[in-house]
Each structure stands twice: as C-alpha cells, then as structure tokens.
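The structure appears right after this line, and notes come after that.
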Amino acid sequence: MSNRNDMTPTSSGFYVSQEAPISCDNPTPTPTAPAPDILRCAYMELVVTDLARSRDFYVDVLGLTVTEEDEETVYLRSLEEFIHHNLVLRQGPVAAVAAFSYRVRTPEDLDKAVAFYTELGCEVRREKNGYTKGIGDSVRVIDPLGFPYEFFYDVEHVERLAWRYDLYTPGALVRLDHFNQVTPDVPRATKFMQDLGFRVTEDIQDEEGTVYAAWMRRKPTVHDTAMTGGDGPRMHHVAFSTHEKHNILAICDKLGALRMSDRIERGPGRHGVSNAFYLYLRDPDGHRVEIYTQDYYTGDPDNPVVTWDVHDNQRRDWWGNPVVPSWYTDASLVLDLDGQPQPVKAREEDSELEVTIGADGFSYTRKGDEEQGFKLGNTL
Amino acid sequence: MSNRNDMTPTSSGFYVSQEAPISCDNPTPTPTAPAPDILRCAYMELVVTDLARSRDFYVDVLGLTVTEEDEETVYLRSLEEFIHHNLVLRQGPVAAVAAFSYRVRTPEDLDKAVAFYTELGCEVRREKNGYTKGIGDSVRVIDPLGFPYEFFYDVEHVERLAWRYDLYTPGALVRLDHFNQVTPDVPRATKFMQDLGFRVTEDIQDEEGTVYAAWMRRKPTVHDTAMTGGDGPRMHHVAFSTHEKHNILAICDKLGALRMSDRIERGPGRHGVSNAFYLYLRDPDGHRVEIYTQDYYTGDPDNPVVTWDVHDNQRRDWWGNPVVPSWYTDASLVLDLDGQPQPVKAREEDSELEVTIGADGFSYTRKGDEEQGFKLGNTL
Amino acid sequence: MSNRNDMTPTSSGFYVSQEAPISCDNPTPTPTAPAPDILRCAYMELVVTDLARSRDFYVDVLGLTVTEEDEETVYLRSLEEFIHHNLVLRQGPVAAVAAFSYRVRTPEDLDKAVAFYTELGCEVRREKNGYTKGIGDSVRVIDPLGFPYEFFYDVEHVERLAWRYDLYTPGALVRLDHFNQVTPDVPRATKFMQDLGFRVTEDIQDEEGTVYAAWMRRKPTVHDTAMTGGDGPRMHHVAFSTHEKHNILAICDKLGALRMSDRIERGPGRHGVSNAFYLYLRDPDGHRVEIYTQDYYTGDPDNPVVTWDVHDNQRRDWWGNPVVPSWYTDASLVLDLDGQPQPVKAREEDSELEVTIGADGFSYTRKGDEEQGFKLGNTL
Amino acid sequence: MSNRNDMTPTSSGFYVSQEAPISCDNPTPTPTAPAPDILRCAYMELVVTDLARSRDFYVDVLGLTVTEEDEETVYLRSLEEFIHHNLVLRQGPVAAVAAFSYRVRTPEDLDKAVAFYTELGCEVRREKNGYTKGIGDSVRVIDPLGFPYEFFYDVEHVERLAWRYDLYTPGALVRLDHFNQVTPDVPRATKFMQDLGFRVTEDIQDEEGTVYAAWMRRKPTVHDTAMTGGDGPRMHHVAFSTHEKHNILAICDKLGALRMSDRIERGPGRHGVSNAFYLYLRDPDGHRVEIYTQDYYTGDPDNPVVTWDVHDNQRRDWWGNPVVPSWYTDASLVLDLDGQPQPVKAREEDSELEVTIGADGFSYTRKGDEEQGFKLGNTL
C-alpha cells in the first residue's frame, strides 16, 4: 500500500516521490550478506524449439550479429556491445527462458552472490567455465521469486561494431536495454530487488495502492528489469535499443515486406512509463521482444520516482492507443536450474487488464473529466 | 467488375495493371465539353461549430499558419504554400464541408468547368470575387456524386514560409496533400472522376471485382482525392503532409502532453495503399484530418495502377495493425450550394469493414496461408 | 540582365518574382515547331573507365538496384522507379556523359523532338530500338548548348520496389531527382530551356543581373535540370533522392566505415536554393552524384521564382558552410553522338567562386551588416 | 608515452586496449585521501558580457528552459533535467567560465572533496548555501590543472519536463552531456583525473605516444569531460544532447532562418571519437557549445579504451570533413575563485592542428595508402 498524498502531482499527469512508494506486507527477508554489485542486464538465454527458424528471426530479420554458433546454440550481440553476447538461442524441447544474466563489477561479486542467495535459502550453483560460451566463472540461482538469475564478470571481449555502418540495417539494434518479468506480487518482488541493490524509477498504482508494475535499474536508464503483475514467474519480454525512432519504424516496414506483420503484437508507440518509443514483437516461439529507444538518465540517487495511475489511459501508451489483451496475458515460461519449467502461480490482486479495459474497467484521458467513465474497451 | 487475370501479381502481394481496372455499369454520362485542367487539390472549406476551439486545434496544436482571420472565419495555410490558404474554418450551425476546392491551370478553365458541369445537369454557380477571401473568380458546383466542388485560378499570393525554420514546430505541416470522399458507388464515382481528368493510381477490390476504394490524382502523387465506399456523399478526411515520419510522431507526443490523445483515431502507421506514413486525427467537430508523408511519384501516363485484395490485412496498414471501426463508419456531412447538408445515401455493396473484420470477415497476412481464415476481429 | 526592383524581397533574405527574371541578349532562335512534352528527367548514361569499380560504388555502396547487366554495361534503378533504369554505367575509354535522357508524354512527342531540334540545326538521330536496353524508340540530339540529350517514351516496365523494405539500406535511394549542367552562358541556356518547355524555379544573380545559375523543371519539383555557370558543356552532377535526411547521413557514415570518406566532396547540408537537404559525392571516375531530399512543390504556373543574391552566404548552404572550390571547378565531359568528348568553352562572365570566396570575393550572412565585407575565404 | 604494440587494431581503423594507454612523467601527486564519488557533470557557470543577448541565444534560439532568473543571472535547464539548472549565465566584465560543476553521490562526498584537494595544496572554498541559486552546500576549488571545479550534492528539484512535448522545439536539448577543457599537458591532466576517479574511454595519439586529447567519464557515456591539448587552462566547450540527429539539423536550419548561420563553427557531422553526431556553435561571447547525440555505453570497468591515430582523417570527423582552425585555437578563459581570469600557459608538445593540416601536417583516409601524404590542408 502507498499513499498518494505523499506524492507530488506533475503537469504531465503522473506523480513523483522521493522514495520508491511501494510497501510490502510479506517481504522476503533482507540478507545480512551484502548484495553483489550488479552493473547491468547483460544477456538472456532463450530456449527455442526450432533453432533455424529463430536464427532467421533474430539474425536475418532483426539483424543481430552472430558472435559464434554451433548446431545447438547461436550467440548473438548488438552493434555497440563488446562482450561476447546479449542473447543466446538454444535448441530445446520447450520454449522458455533459461537465464536472466547480469554482469557484476568484479570477480569477487560472484562470492557475494553466492552468499546472498544462500542466506535466502535459494538454490545456488557455480560453474568456473561458465554456462554459455564466451562467459567464464558464473553463478546461477533460482531467486525467491522463482526466476533463474545468472551473474558473471569474466567474459570474452569481441569487437564493438558501433562504427561499422556498413553492417547496419535500417532497423539496427545497438544495445540490450532491459528484461521484463511477470510476477504475481509486485510489491514483494520490488522489495526483493531493492535488497539486491536495484532502485525503482517508475511504477503503476491505483489510488488504494495496489501496484500493477514497477521498473527498476542498476545502470542509469529507466530499467534493467521490470516487474509486471501477473501469473508468474514468467518472462514478459527482452528489449533491445535502436538509436532513433525511424529505426523502429523500419523494422515494422521490413516485417510488412516479408509478410511477417503478424509478428507485431503492439505498437509502435510512445510509452508513458519511461517516455521511450517502443514496439513489441513475438518471435517464432512466442517469446516477446521489445524494440526500444530514448528513455532518460536516472543515475542520481535522488532521481524522482514516477508513479502512474492505473486508470490513466496514457500510462502504457502516451498516445492512448489500446494495449492488446495478449500483451497482458501471454508470457514465456522460465526454467529451473535443471531445465524444467517453473510452476506458475496465479496473481491474486487486481489485473491491470480488467481494471482498465472492458465492461468493468475504465481509463481516462484527462483526470477529472466528466467522461472519466469512458471505456477503452468500447474501442476494442 | 474487374478481372484479376488481367493484372500482374507483384512480390509485395498486390497486383499491377496498366488501365484503371474498374468497370462501371451505371456510369454518369461523359460530357462532350472538355474537362477543366485541374492542377491540384488546393483547399477545403470546413464549417465548424466552435470557431475558437477549432482554431486552437489547427493553429495551436497542429501549427498551421493564419494568413488572415475575422470573427467568422480563419484562413490557414501550410508552411510551403504560396497561395492564400489551404483550409478555411468557418463558424456555422452544423459541422460539415462547404467546398472541396481545386486550383485549375488558367482562368479559362473556369469556363470549361461551367460548361462541363452544366452539360451534366449539375447545379453550377460562379462568383467573380470568390467565395472566400484571397480567392478571385470561382466556380462552385454540386457534382453528380453530390459533392460541393470548387474551381479557381485567381488567388492572392502570400509568402512561402518553407525557409522560415524559426516558425517550424516539431510536427510542422508543409503541404496540403489530398482529400478523401465517401461515396456509395466507387466505380461510378471513379468513372466520373476519370471524365474530369483524374487518373487512378491504386484501388482495393475483392476477387469478384467489388471495388471498396480508389485513389486518383492530378498532381503526380498518389492522390488529390480518393473515393471510399460507404454512405455518402460525405467527407472522409483532409490530409496535410510533413517532411518526415518523426514529425508525425511529434504530433502524437504533443497531443499526449496536452492530454488530447483521444483526438488520435488511428495510427500512426504505414499504409499499404500509397506506401505513405500516416496518422488520423479527429478535430473538435469530429472532422477527420490525416497527417501524411512519403508516397511516390505517379506522373507518367503509364504509371502502374496498384490493386489490393480487400482481404490483404496489410492493404490499409502495412504492419497489419487494426483499422478502428469508427474510421470506416464516421465521416463529415457535405453541404449544398445554399449551405444545407446533402442527404446521405446508403452504400448497397459489401462493406469493407464487414468483409474484413469480425465474425463474418477475414483478413490474411500471407496469401494462401492455411490460416487464411485468421480473423482480425479476434484481436479487436 | 534583370532588375531587382521588379522583385519582392522576402523575410528569408531572397527575392521572388512572377516571371523568370533572366534576360538574354544572344538567344538561340525559338523554333516554330512545338517542343516535345517532357515528363521528367529519366536516366543518365555515364561512361566509366572501370566498370567493376563503378558498379561497386553504385550498387554495393549506394545500393542502387541492378535491373540488368552485361560485360560492358550495368542498368540501375532506384527503389520507387518502374521504368527499366535511371542510370546506365557503360565501360569506355574516357569518363564522360553519353546522354541526359528525358521521358516524354507520348510516342508522338519523339516526332516533335526531331522537328524541334532539326529546325534549330542540331544534329539529330533516332533509333527505333533504343540506344540502351529496356528503352524503345529514342531520339538523341546535340542541343544548341552542346549537350547530348535523349528523349523516349517507350520503355520496359519493371517492378516498383517501393514496398520491398527488406531490400532497403539505411541510405536507400528512392528516385532520380535531377541533372545539373555546366554551361558558360546561363541566360542563353535558360532561354533555350524555356523554349523547350521548362520553367525556372530559382536562380542566383548579382545586383547587376549577372546570372550564375538557374534551376528549371518539368515535373513539379524544383528541377529536372539546372544550369550552372562555368566552362562547358560539362555535367555537374546527377541527383538521387532519399526519403529522409537521416538516410543521407547514413551514406556518410557508411563511407566512413568503408574508409571511403574521401568520396564525400561537399556536405551534408541544407541548400538555400531548393531548400533541400544535400550531399555531394564523387564516383570512382570523379563523376559527381548528389543525394537530395525534401524540396517543395512547384507545379502551379505562377509558382513564385526565387532569386538569390550571389553574395548571400546562405544561398548554396543555408548554414553558411563553405563550398569547396572543386565543387565549382570540376565537372564531367559530355560526348557527342559519335562518342567523342565535346570541346569545352570557357565562361566569360564572372565566376561565382571568385566573386564570393577569397581575396576578391565577399559573402554576407546578414544583408546590410557592417561586416558585409566578411570574407568567406578567411575560413578556407 | 605509450606503446601501440600493446593495442589491438580494429576493423574500423582505431586501436583498443584495456588500460588507459597514457603514461605521464610529471604527474600530480596521488592524494592519500579518497576522491569524492562524482555522479556526473551537472552544470557550467558562464560569465557573459551581455546577459540579454546571451539569454536570447540560449533560450530563444536553443530553447533551454528558464528555471529562474534575476537581473544578473539566468538559470537554465534541459528538458529531461530534474535538478535546478545545467547552465548559469551570469553578467560580468569578461567572458569566462566561473565553474565546471559536478554532482556527487552524497553530502559526505563534499568532505572528501575538501580533503582531496587540500592534500594537493589547492585553493579550496566551501559555501553552505551554495554559490548559485538552487544549489546547497558546495565546494569550489582551483584544481592542479588550474580549472575552477565545483562539487555539490544538495540541490533543489524541479519538474522534469521530458513528457512536456508541447514545450519541445524541433531542436530540443534534453540533457547536459559533457564539458571539454583545454590543457597544455594531456597526460598529466589525464593522470590527475584518473586519481579523481575518472576513467578514460578514448584518446588521440601519434605513434610516438604524444597524446593530443583524451575523453573521460564518470557516468557511463563516453565522457563527462575531455582534455584537449592546447594553451590552458581554458574551456573548449560545453555540450548538450538531443534525442535524434534531425534535432541537430533543425538547429542549423533555424540559425539559417534567423540569419545567424555564422554562429555555426563546425559541423554538423559524425565524430570518429565517441561515434556521436555533433554540431559546434559559438555563443554571443564566443563560448563554444556542442550539440551532441548518440554515443555509446561505457559503464563496464573493462570497457575497451579506443585510441585514434592523430593522422587518421576520420578521428575528428568520421566523414573526413575538415576541422576549422578556430576550433583548435579558440577557447574561453576560466576564472579563479575570486573571479579573475586564470593565466594561460602555452602547450609545448606538438599541436594537433599543425601535425594534421597544412604544409607540414598530413592526414590519411586509409592507413597505408600510397597517398598517405595527402594534405588535408589542400582542401582548406
């Protein structure tokens, strides 16, 4: 629960406050062991059911660079990356996420990760030679929220291709930007991530303080990962950045030309949350990929936290364009450390989809309008 | 009716042919008098019910330039225009279109216009001092399709502000591009417009040859006006151009900032038809305005005519994003020469909305797919 | 000579007038035979000395599409083109232009072209099967200014690739926009082109009426060709369009990545004349290619003619960036109908280079500034 | 001196290495006191000689937001900023820089700053109420290089206007990006900044190890400040970011429209160093302002350091466009803590201008070309 009276309304329709305005009544315990110093989200390991088809999508359509590949695995990176990979595609029987992987500041941070998660009673494994090619000493855990997280420092450097404009496509992906996770209890997840050293930058709440989603960061962008309320643990999406908005439009144009426009799930559009320009695609297994550009600097410790009203129809799309229901409901399974899908627990609190769209939901364009009862669902 | 066997399929999924592939079994008679030589669509006269509110929308939000104004009327132009206006807002009791106005090549073309429409039995009026400020000798008619058309040559020149970048906004509108009219019988309307000297550039048909819409031009762009099948005569939209796609996105961003995002009806997106980037807005009276950029040159007499299958889900939006139903159903009344609304006649042929969306319609992304039965309505 | 008193100054620093403000005291005779109805500049035939190297430049670097090729010749087109080619590269001993080719409205216009040039005493040839592949019945002439001009109507249609975004590069060239010719006597050349049916859209003059360059059009853009004062007949450049400015920047970035940045001769920048965004490249033979986007509509018969003061430092580059001397002095030879280089005649009137740059020239940023004597040459 | 053998050549023509490849034989002593934890460059205090004229430039032309102002001072911020200001314009007798101001992580870091600089024997002052409005407790020092540096944590928060697209201009400035300082001995300056906690991201050297410039960062962009070799201490420029490249072009276009194009000193262009898109302007006092967009993430501790050969003609401009001499020679004075200009000491090592341009300098486009002797000066 939170208190909107502690927040400052802005001229843009959202609120700001100084502390992450999320409280939690059933928190995970805060370890006495210090958290590892996480630099940034670094790569995702995706299990795909048809490697050739997925490679086509990520390499031939989206233009990611192949650092290395073998019969079972493709290692991909973005154009400005200098570490071995930002995405691993691994052939497997069930489409799922095998790891959300973060880079830490020093080799010693791996010891801290082991201690931190061990104290929490989590399953913790360590592999000196890494779980994927190009990566050395690595720690993998199932965190208290049920997600497979990885931490590493040691990594093979590869050439940063930022200046290789001869390799750029019109929709060139230049960085991995963030992950997005689906979890039933957002305040509990947020509190845990704060213990892990993350800072909240934005969230979506209702007046009663129900939290529908929260964004949190280590590197000074809006997020390295976000927690989206829903049945979980599941993976909502992985996001890559382009330099400019036209690059994102070019991806849509290319998908049209390839008669693959049905891979476009939502957008392009301007987010309210993050102020970034976005597009959501679905890969051949249904894994969701966001293409993202131009959020803002968040690196000061007192960076104002932005809270959006769940009924503000511009929170998810600043232009008020509808969020398709699949975007709320669909997500990818995540695996345990033995490669088995994690069981999914239902969200018990209100669903953002239901409170905003359709017969029982409402969304407004202008707070306080007489037509506050406008139903977005009417246009769906 | 038409014959798809006479058309050549392309690698992009549509067809091309050399003659406007539309036949008509109840054409308007072709006058023996020659048609006037029309240069381009030049301005629209819009009746608005709250002039101050409409002025806010077109001037303060969209950034059109006021050439001149008085208590009843505002004369607006785009940044690259050198004639007095591209849009007239006139206070009136009923929101409607008073004139679709075209510029002709010479003063003598007005005599031709009089003879052409008189022979067709249309109501024809002429006003040496013009119907609006800044325009001289003008002819107004109610054409055989029921639309109020104007023709003029004589016009006051004003400064072309193209180089005045100090006046540009992020969403600067630089040209009037086209009109779009709703009419029940598209083949009949098309045949009439061909008699008036227009050339078809693109159309939407089904396999049986039912024509749902057709685009036609005098200046060498995809259109000066289009005929959209529906209850008519009504005005579907008036379109202004920007230089680049980001200008259109900036208009959306600004509408969000002004908490006017509900003025966005459809888009932004990439059209299949015309290949242009687009956005549809609704003004305070509900008049639809398109913002448009980057179609292609069509000025050769043998310019290939593009025919889209009505079931091709990329015809209206190249990215397959849904067309909102209001876009198909809503349109503005048009006035007769005495300022009374023209009666609206229902379309009798199939509705594009119904054949493509919902329980009875279908749309495909890939022609011949097994899932050709994919219902766009499922996502609406 | 002209008279600036007949021109109207604008708030942007240039002048406008209603008639092409250029007079000529030694005009070519005006034929009694009517001029052919020219649609647009259609293609240039370039002789290159190393076909493989030129093909690399135009295809691998600039991304033009190969319609057809053989050992001696490569036929290239832009992405929005539906005729066989916009550029022919032909292997030959001397780098030069073999033809400036224009499309006419009807087959009969070829007869008009024959009569028109024959009356002028020009050398005229006709080839029913065309001078290049993909083109039928063609007329080639050496015009009174010494340039090899071609006219044709009959042409093979090929697929317009405008929707094939899978083929677009970041710097995609979508249209042939214009030619630019170097000629010693600009007023004489302009008068001849007006006889041929061209209309002047802009020019550069000094207060005494010396004309340094003039732009003229058939299609309603700023030009299909321009006359640049200098030793001639020579070819100054051929220009292709992109959709947006970032496409032009992408070409620069790619040339940098390929370590071919020395192919960039001038720009990118914003023209004063035409208001377009531009870049000038030099191909492996030194032929100059402009990349160009976003000029304005000029199709009305009373389109205001823009006259720039030769000393206005923003006329050639709106940002006041210097024009490199080679841009003024270098140009390509043109061939006679037997393939021999045309002799070059020196310009006798003042040189734009000399009157604006260096010890004896001057350019101003603000007309009437005390520092009107500012020498651009100081920064060169 | 450095050793190019320890560096790895890349496919883009520069070198990478793991340690800042700069050694120094006359370093400032490394304090035993720990350095303050600097977050980022935060604002510059500029002394201007005509406040109204400077306000016009920064507010009316460049569009910075006035947070607060009085008769002597204007406090400006960029659209994404939430602290009180990024730029202070203060009326004064001599155009100069009064402070390069950095934000630190905690209030306690001010104590560290005092100890750090005191140990170095620098002049150190502290003002609990800050030296400028909107800022609290502040430390100002004259650093060992002679620059007036400020550190603060306490600051008034103001509204982040990132979502206020109604306030955006076409050339909207969204962030302060970096400073750039001129100093005679770059290795010595670099070593000192490393002691202060900065990390080198890129530099320019010759084969003998002479260092001409170095870029260094706290926040994970290419730089918070750079050291440019030349007579110093002086201020080379202060840089603001836009979202996209077209925003920078729009600033040029507007300067042209305002007939202020002579404020453009260099660019726009693509940097080799930083890979960013850039433009350099000169304000009414000659202070240099860079407009900058799209460098890359540098936040990993092993981020590869990029070393450019001083003779690589693409190092300063990726497109090989010339650097105007004034860009090398001109810079702003900096003030001591009493407001008096600091004396300027001449650079003793080679000048980048002289070794690359003109009779004695050389630059190459392709390393190892026969024409390595190509003189850039030839085109100047």
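Going in written order, the chains are labelled A, B, C and D, and every chain counts its residues from 1.
Just so it is clear, a contact is a pair of C-beta atoms (placed from the backbone, for glycine too) under 8 Å apart; a residue touches a chain by one contact, two chains touch by 3 or more.
Please read these numbers as outputs of a predicted model, since none were measured by experiment.
Visitor: Of the pairs B-C and B-D, which shows more C-beta pairs in contact?
Guide: B-C is joined by more C-beta pairs in contact.
Visitor: What chain lies farthest away from chain A once each centre is taken as the mean of the Cα atoms?
Guide: C
Visitor: Let me have the rounded angstrom distance from the C-alpha centre of chain A over to the C-alpha centre of chain B, please.
Guide: 42
Visitor: Cα centroid separation between chain B and chain C, in whole Å?
Guide: 34
Visitor: Just how far, in Å, is the C-alpha centre of chain D from the one of chain B?
Guide: The computed centroid separation for chain B versus chain D comes out at 51 Å.
Visitor: List, in ascending order, every residue of chain D touching at least 2 other chains.
Guide: Where chain D meets two or more other chains at a single residue, that happens at 12, 163-164, 244-246, 253, 256-257, 272, 318.
Visitor: Which positions of chain A touch chain D when the two form their complex?
Guide: Going through chain A, the ones touching chain D are 10-12, 14, 16, 39-40, 80, 82-83, 103, 105-106, 157, 159-160, 162-164, 174-175, 219-220, 243-245, 272, 275, 294, 296-297, 299-304, 318.
Visitor: Using the touch definition from the top, list the residues of chain C that touch chain A in their complex.
Guide: 163-170, 172, 244, 246, 250, 253-254, 256-258
Visitor: Using the touch definition up top, name the residues of chain B that touch chain A in the complex.
Guide: Checking each residue of chain B against chain A gives 12-13, 244-246, 249, 252-253, 255-257, 259-262, 264, 268, 270, 272, 277, 313-314, 318-321, 324, 326, 365-366, 374, 379-380.
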